[in-house]
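Both complexes shown next keep chain A, but they swap its partner, so chain B is in the first and chain C is in the second.
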Partner chain A sequence: MEPVKALLAWLLWIWLALTIVGAFFYAPLAAGFIGQSSRILFFHVPMAWTAFLAFYVAGFYSLRYLFGRRSARDDRAAAAAIELGLVFGILATVTGAIWARIMWGAYWNWDPRQTSIVLALIFYGAYLALRDAVEDGEKRARLAAAYAVLGLAVTPFFFFIVPRITYSLHPEPVINAQGKIAMEPRMLQVLLSGTVGFTALFFWVHNLQTRIRRLREERPEPREIEA
Partner chain B sequence: MGRRASSWAEEAAAVFAKEWRCELRTRYALNTLALFAFTTLVIVSVALGPLGIALSQGTSVLPVLLWLILLFAVAAGLPRAFVHEEETQTATALRLAARPSALFCGKLAYGLILVLALEAIVAPLFVAVMSLGVARPGAFVAALAAGGLGLAAGSTLVAAIIAQARGQGTLFAVLSFPVLLPLLLLSIELTRNAVAGAPAGMALLQVLLYDAMVIVVGLMLFPSVWNP
Partner chain C sequence: MITAAAVGAMAAAGAAGAAGAPGALGPSGGIGWVAVTNVLIWTGLFLYLLRLHRKVRELEKGS
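Let's look at the complex of A and B:
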């Protein structure tokens, strides 16, 4: 298996490198955007999608932990997914803010999309704070899983209800309200390849992080060095 | 398996009665909530006063301040509901005495009455002191009631979670605020509409949806949070 895995990892790096090249040299510029700013889309959208995916993967593992066999592996997988979700979420926020500075004139203006992602980041940041505040492994897993499942109930309000209070300047999602994909084909190709690449990157790193967590937890207590 | 000696409703009612009996002995939560809210109200009132804020701005700014006062007062008083059980080591007895869902409902009812009592004192005072003209008093009361239910439900569940962790006081704020954020934003929206005389619109429905969602998820999660 090992050579296959190594090959897959190399393929992923090549895939992502091609996506970056494609984003700058293959895809055309979108009409109505200042300068080259539309190119950030090829990174921003996959990052936001991956963060979203990561939080729901964490919700899945947390549900499975609470209502399944209570295996420590599910707990580690949930925690690792949330950590990665925060990383991708912060990246999506920062790329979004850079783009907003160019297009809207300010890094931050509490556009509903910005509000949603910040609320989600705060929620999952609190999840990590909860984990840090509980020493016992089983208890930590149980309480953290409960909080993550509570997130499944509360985060739809961040994404779908709170943003409706004000109107948004955010560009239409790729698949718009009419359920049609409206994008130039070459742009769409790069965007999809970015999304596939980032998703694969997420699952790869997630697998690594979950295993690292296991090694950390199962590492024997360091013994005092005898003088 | 023998037949249970007490029904679900009896257990929930007993938990509720026990909470209030303990509360009325010490009046800890009542005093904390009331004093905290009163102090904050005095600060807001002295700093802004009835003339410190233009009438046109008042309708949008004052509901925010009202909900912030309520949120922080709840955070100061409510988490004790479960922390107290762990501190005095009565949690185990409680685990034996009532099934989790009955316990959750009893505690939730206690919290709800506490929040509603707080609102009954703070909201009229706030309206009077800040000279806040409320165009639709019925909608204003509905906003407070629906938002209060959400505050009580969210805080009760988070209180149960933090009772078993370290650093409970700060952790409660860290964990509960993100959960309560959408509720707070929607309640502020709802209160603004009531103050300005605009129709409640979807916001009331959304607050009620939030309440229902958190109560159902609370009932579902509470057994795993409560039982080791």
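Let's look at the complex of A and C:
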């Protein structure tokens, strides 16, 4: 690894390690939460944010694919972003369920926010199924790109609109209905730090995943060589 | 990305807390262990990513 990239990687390690320490020892507990459960917020919110970002990054590369030079690199980048968005989305759902178990007494409550994120995950899970279902590479890339562009309209609906237009037990979003952030400053610092760290981590892993996809496409599986 | 194992650590701590036991994320203490587990898992994931980065680079040079 080049020295600058290695330095950036180690800075990210320090950044996220400090965020974890801050989440448990620096940020105070939120009022109205049972025990230490509010600390999950420092992981849950950045995970949900990163999932949203990943789906938008996929939409960006898909638009570039459809209206640009139809580059295979854009197609690979979109697919990699959606895979990562699903990972972060699942982690956000699981951390949310852990919090719900403590606060509401059950892991799953069909709360609008829980339900809407699961619908978003199903939507993007179908993207991967679509890719697997089409044999022809160019047709697959074109259909997948169109589907991911549709996701640009669907994602904000599931992440931001549904939870705000329905009654929900979920705590008020970080940016509340008045468009303001009502949070204790130290909690906000840790939350923003986590969001920045997770975003940087996403872009690093996304870069790796896109390159791995390229290597896989260029190097056929051993059984394909045998055939 | 705090991996599924970290989420598992939080789940165990949270479930114990919710059941009224002295769970780390529930009514009382032990939060230090959850923090240490999270840092260790992040460190493991980070080292794995560094190794993966190096391998990808080597494969790209070879192709």
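In the analysis below, the second predicted complex is superposed on the first by the 206 of 227 C-alpha atoms of A that agree within 3 Å, B and C clash if a C-alpha of one lies under 4 Å from a C-alpha of the other, contacts with A are read in each partner's own complex, and residues count from 1 in each chain.
By definition in this document, contacts are C-beta pairs under 8 Å (C-beta built on N, C-alpha and C of every residue); 3 or more make two chains touch, one makes a residue touch a chain.
Here the structure is a predicted model, which is why all the values come from computation and not from measurement.
In the superposition on chain A, A:Ile102 contacts chain C only, with no contact to chain B. Set side by side, chain B and chain C differ in how many residues of chain A they touch, and the one touching more is C.
When the two structures are aligned on the shared chain, A:Val87 is found in touch with chain C, with no touch to chain B. When the two structures are aligned on the shared chain, A:Phe43 is found in touch with chain C, with no touch to chain B.
In the superposed model, A:Val162 lies in contact with chain B only, and not with chain C.
When the two complexes are overlaid on their common chain A, residue A:Gly35 makes contact with chain C while staying clear of chain B. Once the two complexes are laid over each other on the shared chain, residue contacts for A:Ala200 go to neither chain B nor chain C. By the touch criterion stated above, A:Val149 is placed in contact with chain B alone, chain C being left untouched.
For chain C in complex with chain A, the residues that touch the partner chain are 1-2, 4, 6-7, 10-11, 14-15, 17-18, 23-28, 31-32, 34-35, 38-39, 42-43, 46, 49-50, 52-54, 56-57, 59-60, 63. Listing the residues of chain B that touch chain A in their complex gives 157, 161-162, 164-167, 171, 174-175, 177-179, 181-183, 185-186, 189, 202-203, 206, 209-210, 213-214, 216-217, 220-221, 224-225, 228. Against chain C, in their complex, chain A makes its touches with residues 1, 5-6, 9, 12-13, 16-17, 20-21, 23-25, 34-37, 39-40, 43, 47, 50, 87-88, 91, 94-95, 98-99, 101-102, 105, 198, 201-202, 204-205, 208, 211-212, 215, 218-219. The residues of chain A lying in touch with chain B in their complex are 66, 119, 122-123, 125-126, 129-130, 133-135, 138-139, 142-143, 145-147, 149-150, 152-154, 157-158, 161-162, 164-165.
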